[in-house]
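Heads up, the next two complexes both have chain A, just with different partners, chain B and then chain C.
This part shows the complex of A and B:
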């Protein structure tokens, strides 16, 4: 079983490495976007899949990462890598704060609290013109590595792939760790977990912090890809899209996060012809997925894969 | 000094008195039975001790420290562990994982060590699983170690819950109807297990039970609740003779 897992992982990796070849500039850009979205899907795997918490405010963390990194690189002259890391850390700090309402409210109420947070972030970034450029937006330099600028999205894609794999590895470690297991125990039965000595506040804060960090890193990387930031990008619509892609890809699988990222990045390209009907198609896809594939698209892949083997797929 | 000291405990839900001025003490190493008709407040009392509920009035002292200012997880970490009337298991997890979740709070490293799978985190995971396996074996559950708890028969699920409580090295064990839904032979075995835990591990037990055979054979002392009030306290022999208890169970006749 372990051997087949390794083989599958190597095959996926080979595919990801080979994929962009011959796609052209726009293709490279889209592939980079897939990776950036997949990081957000990964962050929602941690928050929703493991923690059972909801957020429709991840655009807020995404924005904090993007603006944080852009400002630190342009105004303080920090190298790209430190900017991205700082972007993630800024978002993580706010993640810990957003966890506080989650200690008191759940479900719809938490959804509204996170939504409020995202709208707040967007508004502040828009109004704080001296820092963020407000309406005009903010110029962001291209990513660079050891002093070499990555002018090409082809090269940037591989950097993003490496960062995605690093975050996916961290996610896997977390899922196996005692903190991760404690979080999942709280999701299964909060009362039982607390009576086992597992502190709920601590683990909810951890879940939000990690999730916000991943999304912040993604946002930072996104800013450097676009080269220009404006607050319109970080709307309620993108928060909802994040949620949709994470559910459609699969909330309990790292490969599912990748599928979710691919869905969100590529579906608009495939459905360009449909114009206004697009939103209807998204909505229907989501409903169908929740109804028939509660574990996401990845569950189809897994089912095909495990036909004939044991019925219990382990995590 | 008693291990647990409950003084003037009261709790109401929306005007309904669930507990009213209940006081009693539990000495270290005792097995105390908590009995009374349905709705007498027995489970409510247990929930106050494990801090799922916060009492309106009164105090609970454990090892001479006040429990009211603590959270459920802190109380559990201090050595008060429990089972539930209607089972609160981690249903999507295996028997082994359930038991392991009962003890991982004692194995902690930094979050960073966990995220980067540093040796300290891996050692911790191995250590916790090893200890869980020992407890699984002690409770005679090894055969089911890798089975999802939801797939086990009811009686075995109750045993898993007890094993998970034992994983916390409890000083005080709260058992909410451990013999419910069991046949005569199974309840006899539950009674034996409770005895053994006290005799061999020195665990103090507070148990709610409707099966009078279990209560009368295993308990050193019995506390009787009715409509949230304590109506009697004493040895099994005393309780059997108590007119108040007979009245509570049989009504005025």
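This part shows the complex of A and C:
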């Protein structure tokens, strides 16, 4: 079993490394976007998949990471890497704050609270013109490593891939940690878990913080890819897209996060040819996915790979 | 590895052909019989109506040119992508247009932040962009060598409106009503600057935000300052609200409004009586102008898009098309991006007849600095002075 898993992991990695070759400049850009989205899907895996907490406010964390990194790099002159890290940390700090209402409210109410947070962040960034450029937006320098600017999305893709793998590794370890297991126990039965001495507040705050950190890092990397930030990007629509992507890909699997990212980045490209009816097709595929693949696209892959074994084995 | 090989190969080839002469190395988007151009427009958004009209204005002119043999024997193909007024999507579609579809240049785009977001990328690739319609210094008074503006700075429109109020309408007391964002504030700042030159101050200022559905408090506040002329830096809906409220109160100051007040929508919303006598600044033609250029534009539009009414957006889109076609023509048969840019810079004072004359040169790529004025009379716009 372990050998199979290693082989699968190596195959996936080889595929990811080989994927962009021959795609051209636009293809490189799309692949970079896939990675950036996949990081957000990973963060929702932690929050929703493990923690059972819903968020339709991840655009807020994404924005904090993006603006945080951009401002630290442009205004304070910090190197790109520190900017990205700082972007993640800023988002993480707000993640811990947003977790506070999550301790008291659940379900729809939590969804509304996170939504409010995202709108609040967007509005503040918009109005704080002296810092963020407001309506005019903010230019962000290209990513650079050790003084070399990564002008090309081809090189940037590999950096993003490495960061995604790092975050995926952290996710895997977190799932097996005390906190990760506590969260899963809380998700199955909060009362039972708390009776066993699991401190719910602590673990919920940790889940939100980690999730926000991942999303912040993703946002920071996104800003440097795009080259320009404005608050229109961080709307409710993108929060909902994130949620959709995570569900479609599969909330319980790191490979599912990757599929979700690929879905969100590439589906509009594939459907561009359909012009006016593309939103209809998009909507219908969504409904079909949720109806027939409740565990996401990854469940198709899992079924093929694990015929005869239990469906949970590949986590 | 492959990448390195590719780079080495292209470097070697580049050097080899570079020596033969840059003049013969055609840029992407050019073939023997076709030129591919591109644009991003918010075809699904609050601005969708304007974006569609803008596309039809430009498209009509390209069809007309193609039906008359093209430019230097080449037909024009114009690929338009929707960006839903989302800068993130604009970056994606522009990368697609440049890197996958291989467009030669961009023309007649609509949207401010969306265009600003892609300027660094276009500059890096050296892709010319003519007529990025929006309100931002980088778009209206560009510094980039590859950007050419057809719309003026908002502050210059404000200046012009205040000048008109003082010089032509003899105003001593000027009040300003503006939209509380960059679009309106720039006009207000320009107007205040102009008043300062005439040793005047604004006697009253009031503003609204685009989501407001009632401006009656502002109208009353401005009326109490007793101005001779009110300058409006405003969008059509709120212009109509303002004018109707003033009419209800029986208040009749002279009014000078931004080009948006020339939009037929204002007439529909406010009615001809409330609009009677209102002056509007013109930075595009109006369909009642009796000039050969406007008549020809109306004919072209009627032929290819008979359902589209001539007006601000169709004229603006078409003006961009006319200018880029002229630039391509003058750049000659061995077309390159560098040649197009120098051809546009050497146009001199160039009249499309649809927008005020363009005066680009090697250091100035900005929008026009002269404007026309018209007045609403009996539900029709009467042009008082051209540009």
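Keep this in mind: the second predicted complex is superposed on the first by the 307 of 315 C-alpha atoms of A that agree within 3 Å, B and C clash if a C-alpha of one lies under 4 Å from a C-alpha of the other, contacts with A are read in each partner's own complex, and residues count from 1 in each chain.
Throughout what follows, a residue touches a chain if its C-beta (ideal position, glycine included) is under 8 Å from a C-beta of that chain, and two chains touch if they have at least 3 such contacts.
The shown structure was predicted, so the numbers you read here are calculated from the model rather than taken from an experiment.
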First (chain B), second (chain C), both or neither touched by A:14: neither
Partner chain(s) touched by A:105 [first = chain B, second = chain C, both, neither]: neither
Touching partner for A:178 - first (chain B), second (chain C), both, neither: first
Set of chain A residues, in rising order, touched by both chain B and chain C: none
Complex interface listing, chain B residues touching chain A: 50, 52, 71-74, 76-77, 81-82, 84, 88-93, 97, 100-109, 111, 114-117, 121, 124-125, 128, 148, 164, 167-168
Complex contacts: residues of chain C adjacent to chain A: 2-3, 85-88, 91-92, 95-96, 99-100, 112-113, 116-121, 124, 136, 181-182
Chain C-touching residues of chain A, taken from the complex the two chains share: 21-22, 24-26, 29-30, 33, 134-137, 139, 151, 154, 226-228, 230, 232-233, 235, 238
Sites on chain A touched by chain B in the complex: 170, 173-174, 176-182, 185, 188-189, 191-200, 206, 210, 312
